Amino acid sequence: MSDRTLLVLTAHPGDFVWRCSGAIALAVSRGERVVIGCLSYGERGESASLWRKGFDLDQVKAQRRAEAEQAAAVLGAEIRFYDAGDYPLQETPELRQQLIALYRELQPSVVLTHAAQDPYNDDHAVAHAIALRARVFAQAAGVQAPGEVIGAPPVFCFEPHQPEQCGFLPNVLLDITPVWDRKLEAMRILAAQAHLVTYYTELGHRRGTQAARNSGPNLGLPTEVFAEAYQRIYPQVTQELT
Amino acid sequence: MSDRTLLVLTAHPGDFVWRCSGAIALAVSRGERVVIGCLSYGERGESASLWRKGFDLDQVKAQRRAEAEQAAAVLGAEIRFYDAGDYPLQETPELRQQLIALYRELQPSVVLTHAAQDPYNDDHAVAHAIALRARVFAQAAGVQAPGEVIGAPPVFCFEPHQPEQCGFLPNVLLDITPVWDRKLEAMRILAAQAHLVTYYTELGHRRGTQAARNSGPNLGLPTEVFAEAYQRIYPQVTQELT
Amino acid sequence: MSDRTLLVLTAHPGDFVWRCSGAIALAVSRGERVVIGCLSYGERGESASLWRKGFDLDQVKAQRRAEAEQAAAVLGAEIRFYDAGDYPLQETPELRQQLIALYRELQPSVVLTHAAQDPYNDDHAVAHAIALRARVFAQAAGVQAPGEVIGAPPVFCFEPHQPEQCGFLPNVLLDITPVWDRKLEAMRILAAQAHLVTYYTELGHRRGTQAARNSGPNLGLPTEVFAEAYQRIYPQVTQELT
Amino acid sequence: MSDRTLLVLTAHPGDFVWRCSGAIALAVSRGERVVIGCLSYGERGESASLWRKGFDLDQVKAQRRAEAEQAAAVLGAEIRFYDAGDYPLQETPELRQQLIALYRELQPSVVLTHAAQDPYNDDHAVAHAIALRARVFAQAAGVQAPGEVIGAPPVFCFEPHQPEQCGFLPNVLLDITPVWDRKLEAMRILAAQAHLVTYYTELGHRRGTQAARNSGPNLGLPTEVFAEAYQRIYPQVTQELT
Amino acid sequence: MSDRTLLVLTAHPGDFVWRCSGAIALAVSRGERVVIGCLSYGERGESASLWRKGFDLDQVKAQRRAEAEQAAAVLGAEIRFYDAGDYPLQETPELRQQLIALYRELQPSVVLTHAAQDPYNDDHAVAHAIALRARVFAQAAGVQAPGEVIGAPPVFCFEPHQPEQCGFLPNVLLDITPVWDRKLEAMRILAAQAHLVTYYTELGHRRGTQAARNSGPNLGLPTEVFAEAYQRIYPQVTQELT
Amino acid sequence: MSDRTLLVLTAHPGDFVWRCSGAIALAVSRGERVVIGCLSYGERGESASLWRKGFDLDQVKAQRRAEAEQAAAVLGAEIRFYDAGDYPLQETPELRQQLIALYRELQPSVVLTHAAQDPYNDDHAVAHAIALRARVFAQAAGVQAPGEVIGAPPVFCFEPHQPEQCGFLPNVLLDITPVWDRKLEAMRILAAQAHLVTYYTELGHRRGTQAARNSGPNLGLPTEVFAEAYQRIYPQVTQELT
C-alpha cells in the first residue's frame, strides 16, 4: 500500500471524469489514496439538460452529486463536495479555510486542478486560483487551521475543452492505456452527455498518438495508446533527467 | 552497468563544464555512458585570454581541446570534437552528416544542448538548431547514414549565462548535490576563467535553494543542495505524475 | 431591415465614441440594431475637466450622460446606463444580473468590448471581464434570468489608447471609410476633449493605411481610407477563408 | 465560375491532404481554381515505409508523386512539384525565383501554408518562411520575374501535427462538413498511412465540435460537423465584423 | 538636497530589504526622500519561525514591525505600516483610499513594487495590482482624496524569489556597488533568516556580473559589482538613448 | 564636443529617415558623431516608383544613394553604403567582416537597428540579426579584424511600419520635439513617397502624445510633442532609476 495521496480540485463534478480520471485510476491502481474536492455541483453552468427537464435547484444538485459519487466509486476515489456555487464560483473565507484544512489533512503528494485561464468558463480559472492559493496558505505556519503544514506538492493542470484558447501548453503526456477501461466506464455514468464520451475518447486517442511520437527509445508504448495531457506549473525537481 | 547513453551537444568546449557537468557526473555515477560532442573549439569567441597571450589559431585550439579532454576525463565522459568553427558556428552538410551518424551510433536515451536563443552568443542558438535537426533526421529511414534510425529521446536545454534574456524558462531542477565535488573539480580545470567558478558555484547554490522550495514533501532534499536548471523541449511522456 | 444586433459594452461613455463608433455606424448603415451599454458614467476617472470647473458628482454624471446620449443619437444607436461606478468599476451581483438579462433580451449577433488588459486604466480590464462572464452566464439554462439563453456571439475588443502596452494585437482591421463622417461628428460632441479628435483621426488614418497594405487584391480600398482595429477573442467560424 | 485562386504551398506531398484538403475541396466546390505547390517529394523524411520496402530514391519520389497527383485529382486541384529536396528542405535562388513566378502567374486570392515553427519537422518551418518571403518579393516591382506584381493575399497556416508544441493558435475554424467525403477519399489514397486517416478524422470531428461551440447564433451548424483549424498571419481586412 | 521622492510599496516587511534596499540606499545617498509603505506585517505568511517560537499574533506583528523599522533606519528611509493583513492580502476601500492619499501627499518621482505575478505568493501579485491602481486613481481629479493629483511616475518591479517562474524579465540592472554595505547591514537585521543573506548576496553578485557584461564602453563598472534587477512597467520617456 | 558615437545599421536607405532620424538629429545636436550604415540600396524592394519610371538597376541604386546622402547631410550624419543587395538581403562573410571592422573603427556608444521580426519585409529581420551578430563578434579578441575590440553598447530597435504585427513592444519613447523640423526636412527629401511624410508625422505625434502620458511629474513635456518609439534589447545598466 502506497503512502501517497493524490488531491484533485475541480470546479464542477464532470471535470474530474472528463479531464483526469485516467490519472486517478492509475494512482488507485498503484495503491494510492485519491481524494476529489468538487467546489460546486455545476448546478447552473453545466446542467442544462436537467433544467430543461424541469428539475429544481435541489434536484439538480442531488442528481449531479449522485452521478459524481458513482463515477468516483468506479474509479476507486473518495469525493467531497463544497457546494460553493457556480456561475460564478467565488472564493469565500469559509471555502478557503476548508481547503487549507483539506490540504493539511491529506498532505497530498500531487495536486491536479484546472488550467489558469478559460475564456469559455471562468469558474475553471477561479478554481485554479483557489487551489493554488490554498496550497500556499497551507504551507504557512502562521495560518491557523487544523493539521500540520504541508510541503510543496507538484501541481498539474488537466486539459481544458479548447486547450489553445486557454493558453494550455501540455508538457506532460500521461499514458493511461492500462486504465482506459476505467475511464470509459466513469465517463459513461455521465449519461446525459453521451456525445462527450466520443469527444474525450477521441482526445484520449489523440494524446496517446502524440505520446508515442514523443517517447524515448526505451518506453515501448503499445500501438494503441491513450493518454491525458497535463501542464506542470512548478519546475520538476528530480535526480535524473528522463 | 546501465545501457543508457547521454549525449551532450555544445557549441564550445566550456559549455558542458559550466552548464551541465552535474548532469554528466550524475549519469556516470549511475553507470551510464556519456558522450560530449563539441561542435567547435570556441577558438575565436571564448578564448580571449589565450589570444592576448599571443597564441596562434592552432595553439588556441590545442589548448581548448586539452582542457576539455581533461575536464571530460574528470567527469568520466567521452568527448569528440567536430572543429566546425565558431563566431560564427555554421551548419555544413558535412557536420550534419557527422551528427546524424553520431545519433545513430549512440542511440542516446537523453540529449542535452543549448537553449533556442542567446542574444549574447548566436553560436549557442545555432548549436541548438543543429542538434535538434540532426536528431529528427536521424529518426528518418530515408536519410542515408550509418546505423539504425533512432527513437525520440527527450531533449533538455541547459541554462544560458543570462537566462531571462534568452527566453529560458527552467522547468526541471536537477539535484546535483551528490556529484557537486565532481563539477567543482571540472570547473577548476578551466583555470583561465577563475571568476566563473565563483559565478557558477553561486548559481548552483541558487538553483539548489529553488529546488528545495519546489520539492514535494517526500523528496527530502538536504539543506545544502546544488542544482542545475533545464528546460525540457518536448512533452514528458510518463506513466506517473510526480 | 437586418435582424442582427450589435451589443457594445464599455466602462465609460467616451469609449464607444473614440474606439468603435465606426463599427457602430457601419452596422446602423446596414440596418442593424445597435445597443450600447455604459457600465459607468466615467464620472471620476475621465471627467477631470468637469471637476475642475466645480461640478458636483450628480452634475458630472448628468453631463457625461447627456453627451453620450447625443453621440449615440448621431450614430443611430440606443444607449443604456448602468451607473455601476468607476475608479474602480466593480462587478456586483446586481450588475451581473442586469447584463445577463441584457444579453438575453438582445440576443446579440456580435459583441464589442475592451481589451483584456490596460495598465493605464484598470476599469477597462474589469469591463472586459464582466462582459465576457455575463455572456457565458447568459448561455446557461441553469442561470435564472428573463429571456432565452443566447448562442455564442463573437467578441471583438476595440483598441486601447496605448495598444502595445495593453498586449493588444489587432487581428481585424475594419474599413470605416464610408461612415467616417459619422464618427467625426460623434467625436466632436465630446467637446471637452478636442485634442482627442485629432488623436483618433490620426489613428483612424493610420489603421486605414495598414488596412490597405494588408488587403487582398480584390478588396480595392480607396487611397484615403480610415479603419478601426479589433482583436477577435474566440476563433472565427466560417465556411470560406478570405 | 469564380475568378478566385487558392494557392497551397507545402513542404511534402502528404501535407495538403491531411491538413487542408477540406479548404481545397470547398474552394473547388465554389468554382475556384486551386493550385498546390509541393516543394519536395518528402522522399527522405516522410516515406519510411517505402524505404523499408527497398525502393530507391527515384522510386520513392515517383510513388509519392503519383499518390499526390491522385489525391489532387480527387479534390479537383492542380498540382506542381518543385523537387527541392527534404530533410533538409532549403531555399535556393532557383526555388525562390520559381515561386515568385508562381505567385505572379496565379495572382492568388488566398494562400495556405505551414505554421511558422515545428520542432518535429524543421522542413515545415522552412516552407513557411519560403512561402512568405516569395509572396513579399512577388509584390515588388523591382524584383525581376515574369508576370505582374501581386497584391497582398491573406495567408492562413494549416494545423501541424502537434499544434501546441508548434505555437499554433487556431483563430479560424473552417466548416468543411459539406466536403468531408472528399477529404476522406483523398486521405484514403495515402494508403501506407492508414492510421493517419483515423487520426485526422478524429481531429476533423474535434475541430468541428469546437466550431459549433464558437458559432454565433445565426450560423446554424449541424450537429455532426467537421472542421479544419487555421491561423491567420496578417490582420483580416473587412467591412463587417462577423 | 534633492526634491525627488522614492515610494516603495510592498506586501510584507522583508520585501524592501531583500529586493530593493540597494535602490533605497542609492536614493538616500543622493539626498532623496524615501518612503516605504508596508501593506501588511507578513504575520502569517512570512513569519514561520516566530510562530514556531510560540509568539501570538500581536507579538508576531510587533516583532516584524520592529525589525522593519530598524532596517529602514539603517537605510535612511521612512516607513509606514497599513496592517491590511496577509495570506491573503486584500484590497479594501479603506486601504485604497489610504494609498491614494499617500501618493498625493508624496508626489513620488519613482515607484517600486512587486512583479505582476508570483505563483509562490499571491500577496505579491495583489500588492502589485493595488499599487498600480492607487497610482492611477491618484492621477484623477474626480477621485476624492486629500492633496493634489499626481503625474505619471515610472514604476519598477523588483525581483521576485524565482524570477523565471513569475514571468519577470529584468530590463534594468541597477548598479548598487556604492551602497552594498548598507544593503548588507539591513539584511543582517532580519536575523531569523540568515540563510537569505547568503542567497541575496549571491544574487547581488550575479546581477552585478550581468550588469558588467551589459555595460556600454563608457560606464566603467569595477570588477566586483553588485546590482539589483528591475522590470520597468511603462515605457521610459527620455531625451537621450543611453 | 562629445566623444560619443551613434551607429545606425539599416537594411535600406529610407529606414533611417522614417524610423530614427529624430534620434540621429538629437545626437548631432549634442555634438555626437553619427554614422549610418546602409546594408543595401533598397533597389528591388523599396523602389517601385523608380522601376515604374523605367530606371535600370544602376540608376535605381544611384538615385537611392543620392537621396540618402542628401538626407544624411540634412541630419548632420555620415553615411556608408555596403551594397549587399536586397530582396533578399543576405549575410556574406565579406559583409560580416566589413561590419566588424566598422564596429571596431567607431567604438559606438549606442547602436540603432531594425526589430527582430517583420512579416512584411524579411530584410529587416535579416539586418537585425546581422547587426547583432557583428556587434558580438567585434567584442571578441579572437576575431581577426582591424581595430580594438569593443565594449557592450546598448542596442535599440526602431519602430517597424506595423509594430504589433512585428512583435515590437516600445519600451522607450524618445522626445524628439527639439529636432522635429530636422526630421521633417529629411523626410521631405524622399519625395517619391510623399504620403509617408504624413504617415510618419502622424506617428510622431501619436508617440509624442503617449510620451506625455507616460512622463514622470518632473519632465515637463510641452503640449505639442513628437516622439520616436524604441525597443531596448539588452537590459539597461544604470546607477539611478528614472
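Think of it as A, B, C, D, E and F in the order they're written, each chain with its own count starting at 1.
Methods note: contacts are C-beta pairs under 8 Å (C-beta built on N, C-alpha and C of every residue); 3 or more make two chains touch, one makes a residue touch a chain.
Just so we're clear, the structure is a prediction, and the values are computed from it rather than from any experiment.
Undergrad: Touching subunit D and subunit F alike: which chains?
TA: Expected: B, C.
Undergrad: Which contact partners do subunit A and subunit D have in common?
TA: Common contact partners of subunit A and subunit D, which must touch each of the two, are B, C.
Undergrad: With touch defined as above, tell me whether subunit C and subunit F contact each other through largely the same residue numbers, more than half shared, or through different ones.
TA: Copies use mostly the same positions to touch.
Undergrad: Going by the average position of its CA atoms, which chain sits the greatest distance from subunit B?
TA: Looking at centroid distances, C is the chain farthest away.
Undergrad: Roughly how far is subunit C from subunit E, centre to centre by C-alpha average, rounded to an integer in Å?
TA: Here the centre of subunit E sits 37 Å away from the centre of subunit C.
Undergrad: On a C-alpha centroid basis, what's the spacing between subunit D and subunit E, in Å?
TA: About 52 Å separates the centre of subunit D from that of subunit E.
Undergrad: Counting only residues that touch at least 2 other chains, which ones in subunit B make the list?
TA: 120, 170, 210, 213, 234-235
Undergrad: Quick one: which chain pairs are touching?
TA: Chains touch in the following pairs: A-B, A-C, A-D, A-E, B-D, B-E, B-F, C-D, C-E, C-F, D-F, E-F.
Undergrad: Which residues, counting only subunit E, touch subunit F once they are in their complex?
TA: 4, 6, 23, 26, 30, 107, 109-110, 112, 150-154, 156, 170-175, 178, 210-211, 213-219, 221, 227, 229-230, 232, 234-242
Undergrad: Along subunit F, where are the residues that touch subunit C in the complex?
TA: Its residues touching subunit C are 120, 161-164, 168-170, 198-199, 202-203, 205-206, 209-210, 213.
Undergrad: What residues of subunit F sit close enough to touch subunit B in their complex?
TA: Listed in rising order, the residues are 96, 129, 132-133, 136-137, 140-143, 149, 233-235.
Undergrad: Which bits of subunit D are touching subunit B when the two form their complex?
TA: Of all residues in subunit D, those touching subunit B are 43-48, 50-52, 60, 87-88, 119-122, 165.
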